[in-house]
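This is the structure, below, for whatever I ask next.
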Amino acid sequence: MQEVVFDLEFIIGHYNYWLFVILMMTGLYITVSRGNLIKKVVGLNLFQTSVFMLYISMGKIEGGTAPILTGDPNTVYSNPVPHVLILTAIVVGIATTALALALVVRIREEFGTIEEDELTEIEEKLEFAEQGDDAIPVSGEASVNKRESGGK
Amino acid sequence: MDHHSILRVVSKLLIPPIIVYALYVQWHGDYGPGGGFQAGVIFAVAFILYGLVFGVEAMTDVLPTSFIRVAMSLGVLIYAGTGLYALLAGYNFLDYEAIGHGGHHAQEWGILIVELGVGITVASVMIGIFVAFASRTPKLKDEDW
Amino acid sequence: MIDLITKNLPALQVVIPLMAAPICAIFNRGRLAWTIAFIVAIVSFAISAALLSQTLDGGVISYHLGGWAPPIGIEYRVDVLNAFVLLIVSGIAVVTLPYAVKSVAQEIPQEKQGFFYTALLLCLTGLLGVTITGDAFNVFVFLEISSLSTYALVATGAERNRRALTAAYNYLIMGTVGATFFVIGLGLLYMATGTLNMVDLAHQITLRGDSRMLHMGFAFVLVGIGLKLAMFPLHLWLPNAYTFAPSAVSVFISATSTKVAVYVLLRFMFGIFGFDYAYQQSTLQYVLLPLALLAMFAASLVAVFQTDLKRMLAYSSIAQVGYMLLGTAFMTQTGVMATVIHLFNHAVTKATLFMVAGAFVYSVGSSKISDLKGLGRAMPWTSAAFVVGGLSLIGIPLTVGFVSKWYLVQAALELGWWPIAAAIVLSSLIAVAYVWRIVETLYLHSPSPDSKAKEAPLAMIIPMWVLAAATVYFGTHAALTSAAASRAASTLISASNIIWQ
Amino acid sequence: MMTGISLAAVINVLLFTFLVMTAIAIVRVRHLFAVAMLSGVFSLLSAGLFVALDAVDVAFTEAAVGAGISTVLMLGTMALTVTREKSTKRSPVLPIFVCLVTGAALVYSTLDMPAFGTAQAPIHEHVAPDYIARTPEEIGVPNIVTGILASYRGYDTLGETTVIFTAAVAVVLLLGSFSRKKQKRTGKE
Amino acid sequence: MIAIDGSTGILLAIGIPLIVTLFIAAFSRMPNLRDASSVIAAVLTFLVVLDLLGMVNAGQTPSVSLFEVMPGLVISFSIEPLGMIFALVASGLWIPAAIYSIGYMRAENERHLTRFNICYALAISAAIGIAFSANLFTLFIFYEVLTVSTYPLVAHKQTDEARRGARTYLAILMSTSILFLLTAIIWTWSATGTLDFQPGGFIAGHVDPALVPVLLALFAFGIGKAALMPFHRWLPSAMVAPTPVSALLHAVAVVKAGVFTMLKVGVYVFGVDYLSQTDASQWLVWLASASILIASIIALTKDDLKARLAYSTVSQLSYITLGMAMATQMGIIGGTMHIVTHAIGKITLFMCAGAIYVATHKKKVSELDGLGREMPFTFIAFTIASISIIGLPPFAGAWSKMYLMLGAANSGQLALIGVLLVSSLLNIAYLMPIVARGFFAPSPVAAHSLGAAAADDGKRWREAPFLCVLPLCLTALLCILLVFEIGPLYEFLLHIPILPEVPTP
């Protein structure tokens, strides 16, 4: 492990990475802290995109060009491997997003809300109903509300 | 939807160039940026635009869902089938050397074929996902936006 | 032709299910899709058996996809360890599919069954792909195939209980965060070494030596995989996902996906890292070991208080993952062997038990424990299978659970870690509590008078008993599995650069 | 050479400022329509950054996917659900803690990273040069990324195609079959 | 008799009770056939065991190995004198127990008799498996099988009380066996690399002498079936079971399997000689003594007849543990002999308690006034068995206690003789009042009884059904007859090895 010296050169060479970290953590924060299911997905996208940036920035070579052959033997090309990996990762990302959003649509249909707090509340009620021996099948927002008012 | 007539005209004008561009990106991927994935997305965008403006039903009349289903499967099969062809020809899986005369020629053809598979799958999957979402009855009115 | 097949076995292992999936989707017919899936599962099983027999003597099969030699190209690398895991995954698929016919017919609407089996095949593809590959990034791609299809499969449980949707959503969020952590870890590794091939990674790591990137890469991979395998504080997605998934899905994923994740962890920890013994040892012993112990106790205790059989089994799975991690944390030949053998043993046991739970759901319409009263009489075969699986979960001799426990305790004693050995046996006592609650409910209560429960159909009973019989057979003839596990452990160890204790 | 560095630095800093602003806006804005748009903006900005980093293919894809498809999907989802986010009662302490720990770990790992843009990093010395050198000889396509993507690491791309296919299968399983006639609420009674 | 060789004999002895479970299941709708098959199996098993005894007496060591469970861990059986005695007790007493079960369970109109009979047979099979085990691993397996198979028997009545009792039963037996016994076994395995029983033990030299008492403690507490205090609670709580089950637990299989394992571990794992050299079992001597006295005192306080007998068992079992812990040859012989005498005595007592319950539905000692005159066979048998348990000559129990005292004298611990004497006095104190009440106390006035309708001819109670009374008379007779077999038994037990087989040159 090398000794880290915080001189200006080091900071110029590394601040990019730190900025990516900030973006990443913003995304992660949205995912973990927000209660709205769509917002969580947005956060996840942000998180992943920032990771992609980190990858791509590794591949950059100062003075290099895009890795498309020019025919000139003196050309310096940036590293193409991270690009390939990230292309794949982007595709995986959109696939996940599509699936997540489809789930959000279904959750809204079945529970009437896409806020995590309200969902937890409904689920706790369901759990309670399931535990009782004479569980009444509860379905949709309406019946949950009915139980709520009936419980008072 | 009468108040959207400008939108309808503009999109009708836009869709053909988008498709042409998609095809360009598909075949030009070897030389510049682009390839099956990007082309597939652009191709899908043309149809999604059509679906957004003219309704999903109009779109699925042009592109039946059963066709989408077969197409998205076919794309994967084209890709994997290329690999399997190489395997059956006595090479390793996905070794393009098995195609044509070998060398650059084989690689170029191989890439072309698999990119086509990617393009078909991506385009049909994107359209399919759009259809799946759009087929659900929207609960919002225009003024809610 | 035969020659062609034997030469390409590693590729075929993954490609056959991969290609079968779109074929199922084209036809989109439930019955046909099932038939294709079942045939594919059998073929996969045969291939993995062949691979295991080829590698059992310690050999390594390297297959270059696209004909490109690693590290330029992607390599499939089969040794006895992943051949063993492949066998578990495909074997479970073979028994799950016949079981699925009836329960899927009941739980999934007809028009969705074609895609359901497509998703199941994709899940199988993903798990096999993760296991067989020798390329770190390829692990991620196939992990996502299996994860995405699993999310969807769990969500199909919404036909029975809508809570499957939120379960799937939470699983998706945590799974994706895990996958992203894994990608970050890979990125750091790649940055430090410039390669993605596992063997080359290990080589480059020794060549280039220690760095903070490697340390953190290790940490991020650990957390990412930890999320996928439901390592203790990262397990929150698992109970609901297993509880609300359709029965057949619970059976399949409970027996395979966490096992594959544990395998990946083993591979990364011992096959790739191993650059810095002290760092690795401290991570394992001060992070993984306490977490494993915590999982064994906390999750087992939570399991005792569950009111639903499937959820109880889910918590028990978390506890059992604790056992596997514990074996890993020992960092000894016996410890790793205990982990590997427990992969198999727990897969067989848990699949039996989830099949039992599914049979109850099929016949009674519920897996609530209070609805199972007195079913020992009405459903004798299902209930007896539960007893067999339950005894194995506790670790009673003549069942596979005992074999795992034996090696685990032995590994602890070899190191002289007395308290850990005590903890292992103590935590298995908690299993007595939750297993026996069910046994008592099944056999020592009078059935409710209006219960019309009948024994589950043969299509469910037979796979269930195949697994129950395997639980007993491999519990009494553990030489087979322990030889494979022992060989796998020593292969892993000899391939790593760690100085072993 | 010096001007190159500074120009890249300037572009980077500008893009970063916008990216961070967009990210913070996403955290704070509650109107989901705006959030979806901002997320599209974020993708476009990152695509710009990718171009600056020589990753033209990635930029192209990110623009098409992030700013295009995912925005459409988000809007579609909102049309089917809600457009405003409600405030959550949960304490932000744990999320902040998780993010800080993760961020600290990442920053710690960057300390050993080769400086941005240096050609002496391990990743530029091992394997990658082989790709650049061998692509013209073995593959014969000018776009090295395509060469790696579709040939050297073509198997990953097969996996990627399968992932996309899986997503479609999953969405269809969740949202019902494609055909509209069968569209019925399949909710539990 | 058909000539069989040793290995077939062993497999038959374990296998007959196993196979008969199939018949029982098949005859579940034909009660007579079902119950008869139990009795026939019992007789057959006993005959096979007798045959094996003949072989052992002829100097053979019948043995058989089945299969390897894990590398190095084989399921195998081999007969030595100690195991032979236990197998004889278990299979021999199964005959009266099986007959008695028929009488009792039918008189009580119990349900689920198929399950009852199957589990009973499984328990016997497991007990014989334990007796013949050639290594700790095999023994442990059958030990656990015994626990699991007796659990449904304890919970047989399916009432809340029965379930609770059964839960305690299972919890204690299973947790001690997994927590301590299994740990001890794995420790032994990792220290010595073997689990095979060897004459004179195989621990010596492999385990740090300072840790030997710890290992012994793991074994002693791990063998929960020996009901050593403080892990004895399961025995009284198992009293909720029907009486034939109590007989099985206390006399035939379960507790005897426990103390047998204790002796076996002492003789064949540690080695008597090694134990006496290292004094590793000294603490166990005192614990067992305390167990004897405390349990006897608790027995005194119990008014419930079965509970009193249960605590009596706890106390008597510790005699056997004590015999092992003394680490002398006489102690081992006395302990083994006590397995036999206590089994016969206790099964009689329990069958009497059950007969009384069947005839009168009385459970408490204080309710037994005058019953002896109305149920003479039952009470005479009870008296004989009590005297045998107390250890008064001339009945069999006297001899085992005598050898135990000799053992105490040999080991130089005279205090132990005092313990044994005091406990005998306590035995008298808790057993004799029952006899006295039965025969001498005046019958309660008819008006005090709720079931007063039958008071016409002055004889309000009758003996229990024939199938209940017959077995208890038989075992009582055995208490007397055994006196004449003490000599040969002693000769036989002298073969139990005390020293390692290969003496150091």
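As written, the chain order gives the labels A, B, C, D and E, with residue 1 at the start of each chain.
Throughout what follows, a residue touches a chain if its C-beta (ideal position, glycine included) is under 8 Å from a C-beta of that chain, and two chains touch if they have at least 3 such contacts.
These numbers were taken from a predicted model, which means no experiment stands behind them.
Enquirer: Expressed in steps between touching chains, what is the minimal separation of chain A and chain E?
Expert: Tracing touching chains, the least step count from chain A to chain E comes to 2.
Enquirer: Smallest number of touch links from chain A to reach chain D?
Expert: Counted as steps through touching chains, the separation is 1.
Enquirer: Identify the chains adjacent to both chain B and chain D in the sense defined at the top.
Expert: A, C
Enquirer: Can you figure out the chain closest to the middle, judged by Cα centres?
Expert: It is chain C that sits nearest the middle.
Enquirer: Based on the averaged CA atom positions, which chain is farthest from chain E?
Expert: Taking each chain's C-alpha mean as its centre, the farthest from chain E is B.
Enquirer: Just give me the whole-number Å value for how far the CA centre of chain B lies from that of chain C.
Expert: Computed value for the inter-centroid distance: 35 Å.
Enquirer: Would you kindly tell me how far, in whole Å, the mean C-alpha position of chain C lies from that of chain A?
Expert: It comes to 25 Å between the two C-alpha centres.
Enquirer: Could you state the distance in Å from the CA-based centre of chain C to that of chain E?
Expert: That pair's centroid distance is 45 Å.
Enquirer: Give the residues of chain D touching no fewer than two other chains, as numbers and ranges.
Expert: Only 56-57, 61, 65, 69, 73, 76-78, 80-81, 106, 111-114, 121, 123-124, 127-128, 131, 142-143, 145, 149, 151, 153-160, 162-167, 170-172, 174-177, 187-188 qualify.
Enquirer: Spell out, as numbers or ranges, the residues of chain B touching 2 or more other chains.
Expert: 31-33, 37, 69, 72-73, 76, 80, 83, 93-94, 96, 122, 129, 132-133, 136 - these are the residues of chain B that touch more than one other chain.
Enquirer: Got the chain C residues that touch at least 2 other chains?
Expert: 18, 21-22, 25, 65-66, 137, 141, 144, 148, 151-152, 155, 158, 162, 184, 190-191, 196, 211-212
Enquirer: I'd like to see which chains touch which, written out pair by pair.
Expert: Inter-chain contacts occur between A-B, A-C, A-D, B-C, B-D, C-D, C-E.
Enquirer: Can you list the chain C residues touching chain A in their complex?
Expert: Where chain C meets chain A, its residues are 137, 140-141, 144, 148, 151-152, 155, 158, 162-163, 165-166, 168-169, 172-173, 176-177, 179-180, 183-184, 187, 190-191, 196, 210-212, 307-308, 368, 370.
Enquirer: List the residues on chain A that touch chain C in their complex, please.
Expert: Its residues touching chain C are 1-2, 28, 31, 37, 40, 44, 47-48, 51, 54-55, 58, 81-82, 85, 88-89, 92, 95-96, 99-100, 103-104, 106-107, 110-111, 119, 123, 126, 130-131, 133, 135, 139.
Enquirer: Would you tell me which residues of chain C are touching chain E in their complex?
Expert: Residue positions touching the partner: 391, 394-398, 403, 405-406, 409-410, 413-414, 421-422, 425-426, 428-429, 432-433, 436, 440, 443-446, 475-479, 482-483.
Enquirer: Write out the stretch or stretches of chain C touching chain D in their complex.
Expert: Within the complex, chain C contacts chain D at residues 18, 21-22, 25, 65-66, 68, 71-74, 109, 111-112, 115-116, 118-119, 122, 125-126, 129, 135, 137-138, 141-142, 144-145, 148-149, 151-153, 155-156, 158-162, 184, 188, 190-196, 200, 204, 208, 211-213, 215-217, 219-220.
Enquirer: For the complex, which residues does chain B have touching chain D?
Expert: The contact residues of chain B facing chain D are 29-35, 37-38, 41-42, 44-45, 48, 52, 56-57, 60, 65-66, 68-69, 72-73, 75-76, 79-80, 83, 93-94, 96, 103-104, 107-108, 110-111, 114-115, 117-118, 121-122, 124-126, 128-140, 144-145.
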